[in-house]
């Protein structure tokens, strides 16, 4: 008998989370709960300058008065912010030590993650900064980058070593008051990455950060700041995993990108936080604010492959402030079982001749809900703005949902906006055709999903694309891997 | 007193003029309670994000006309499709005008809501249909329900087709400084019946008018209903139109909305497909300028399998006008083999004009074909030059291109005289005189 | 030591070959096959034997069940086999999934090839070949060999290389689709190729290319079943046997002259004969 859709569904359900292991590293964890004292304690623990402490406290005070947003098409048990520990550092971590000194168990964990640091160094030319729970553990390749004047380090270090840069740019794209989770992050972020590419420099390698929530009952609030000075270029990769746990874990990150005149930033994310089990228990709440500011002739591309998290709330956006600036958003979001994703982008056209492209591919299976939510806004001054958006949904089975909520607001007569959306399923005749050529149903589905997602997969850097393809298969097919 | 309070307190006066023992009045009482709780929708509501009723609420509208008026046919003839013979249900300041109307009970009922709501012979029909598809939750709909008393009542029995199209026209005369009207229409097409309706709201003065209209349409098995809304009112008149359509197996309902005039127009079109092989069509042409505001809100709820829906809205926005399109398609889990299409194309011809559009899909079934497309752009400069090079002046050339842009919406208009009329309205709106009809 | 081992291996292989040959001298054997779709009987007792090295043509008027027969042999589950058996090299294939049948050498050239957006012809072929190899316990074909094979076979079908990077069948013309089917056949080297109305939608040049491809792929070890409504294709792919399918049964069998007779006289006389 051939593989039926029913059997496939069953297999999908029994599929366990690939990265669901827990590394036993001694952690230095704060007591649970959030107060101004905790915020001050985090700052103190990290030996931060006063301006940073004040910034955090101010954000905390704003956050206290804010309410959790409810407009997204997701339903979940609201996190209890007093039941989370806001700081958890692997005890033996010391940012200044050499790679060889790293906790062997941590190294083992990187291996399981498929990011053997040595290997990355040698083969892939990728500089990696790894954030486990809340503290950045090791940054490779620092020297090579330093020669070009590129700064790539944990943000906690950058606060110490380059306070003028951090102070100048942090919070300028995503203000502390921007939204509930951004405010929370501003108050309690413990680490993240900082990257500065000097004027005219083309970063010779992909920069990469891996984020991982390890400790139970902790939240992860990382903060990433990438500044590309005039005429510079950088490609930045971000990977995320978390072990499987029964309780929901909270991840509320803020990513700010600044592309100055003629600069280009490519920001790619493969997000594979634990999605919860097949009953919908556990999983990560992924509430992320990502935004880029584009100056004159600058270009920012967001590419994301979202396969994990129980609940995702994420809209990587571009403020196209400078004339001739370009914003791009390429996204694949896969939801299975009880996952819920509400994701998309905002393209804010302020400058003249600004262009944006949005390609979103949503794949829903199981009992999941997958929403695209996007805004294309053209201000009255943004002459000759161009946008093309395409939102395609693929539904697998009859218990999931696909939703599109595109908002288009135009105040300029010279704008050209095109938006298209389609919904489809995998056809039985497509499966039979593949079967007849000797391809089994599981592989056929992987092939068809890959084809559906191709325009986005093509945008990923090579080594990431392979990983992303693998993730797609894992999320949807079960035994492949 | 703000408009909401005025309306709620007017309900007591309203009750003095209707039979409070009629079961219909229980429906009204429920409705006013809902409105009292909810009030007018604010911009905080997602559905009203782009349209504000604040300005209108500041106007001191009369809830009931102060006195009855009459009009001579010759003075208002131009508002009718007078080239053809039609049934006419005409109201002046919300009151039925028998001398302008032509109603009938000859095999079909084309008459008044006030009769249907009060006369025993209609009770059975009213019990089954009245307020059955209209929302019991949406505040403006319930406001209308609370004050429902007058409007058009059309009942076409099984296998019947009325001899001619039906025109429903609401005139306002300006006897009141500001007048609020709340017509309530009930339209029932029984199995295999067919009808064509043209609806129009027309103010004859520059005094403010706010119309909050609710129409319920029931299309039984294989029934065909063509509904044309001609919105070309003066710039002191505003309209909130709430149309609810309940469709059964094999029925075809088409609603065309032509929005050219009026201060603020809000069209809420809601289709519920309660059967299979249903076809629902919504088409619209919007051409506005000045500070006009037109908001099209559509909902198609695909509840059963094997149905189709088609939406095609074209908009041309000049001056400081604002256009809104919010189209929502919901496909339920069991509604397999649904084909749902939605298209919204817009042209902005002024730097001060704004278009906000939000085509939404909410899909819960996997074997469906759903798509939406939306564009915002300008007239094709090359095409414009081509026409000019053939000797057509720029203004006419632009108008011609705009015609072409809107043309496929007109194609499905099945009353030729209406098509001619709409063409003239478009030419008038574009300020040109084209020597041809499209 | 090595020599002995080799000898044994060769002997075993020979024995196996003998055995297969003995169990059935025919590549494809269909016995009293009945099949229906949604409860409606379409095939009503088909008997057919196709030997290695042979070309069979199955002709018949529209709706006689030709395409159904092709689909049933390939294992399409839309059709229910209600009675009868299909043997491939002596093995009953009833319980085999479509992909297992493909791994055993069955190839169906679709009358309406299916579109798969975003999947290039090359990637599709790579997957298909490696899946077949996996089923046989072989490693993936090295990329170098794959490229060589693709080059070789695309030349055979006069296929432009650019064509291979396009999405499978998406936006292909009728002729391109059919040529792509035969290209896939060339790549997969099946034992039994069933060509379902491969000539429909082809102009004369494309028809010649396709037929030429099929002829070059023909050998004494494989067999071809050509399903067609017209005699046209059979001028290029000359059949050893011609069968006429009518109302779910093979009502007449003969040689290529039968095809010519059908072209001349149409199908009416067959219908009359069948009715008697």
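First chain written, first letter: the chains are A, B and C, and each begins at residue 1.
We adopt the following convention: a contact is a pair of C-beta atoms (placed from the backbone, for glycine too) under 8 Å apart; a residue touches a chain by one contact, two chains touch by 3 or more.
None of the values given here were measured: they were computed from a predicted structure.
Engineer: With a step meaning a move to a chain it touches, how many steps does the shortest path from chain B to chain C take?
Structural biologist: Steps on the shortest route: 2.
Engineer: Could you tell me which chain's Cα centre is nearest to the average position of every protein Cα atom shown?
Structural biologist: Closest chain centre to the overall C-alpha centroid: A.
Engineer: I'd like to verify one number: the distance from the centre of chain B to the centre of chain C, where each centre is the average of its C-alpha atoms, in whole angstrom.
Structural biologist: Here the centre of chain C sits 59 Å away from the centre of chain B.
Engineer: Report the inter-centroid distance (CA atoms only) between chain A and chain B in whole Å.
Structural biologist: 45
Engineer: Suppose each chain is reduced to the average of its Cα coordinates; what separation in Å results between chain A and chain C?
Structural biologist: 48
Engineer: By the touch rule stated above, which residues of chain B touch at least two different other chains?
Structural biologist: none
Engineer: At least two other chains touched by the same residue of chain C: list those residues.
Structural biologist: Not one residue of chain C touches more than one other chain, so the list is empty.
Engineer: Going by the contact rule set out above, which residues of chain C touch chain A in the complex?
Structural biologist: That would be residues 74-78, 95, 97-99, 101-103, 106-108, 110, 113-119, 123-124, 127-129, 131-132, 135, 167-168, 184, 188 of chain C.
Engineer: State the interface residues of chain A toward chain B in the complex, per the touch definition above.
Structural biologist: These residues of chain A touch chain B: 71, 380, 393, 395-425.
Engineer: Chain C touches which residues of chain A in the complex?
Structural biologist: So the residues of chain A touching chain C come out as 1-3, 427-430, 432-441, 443, 447-448, 450-455.
Engineer: In the complex, go through chain B and note every residue touching chain A.
Structural biologist: 46, 333, 336, 346, 348-378
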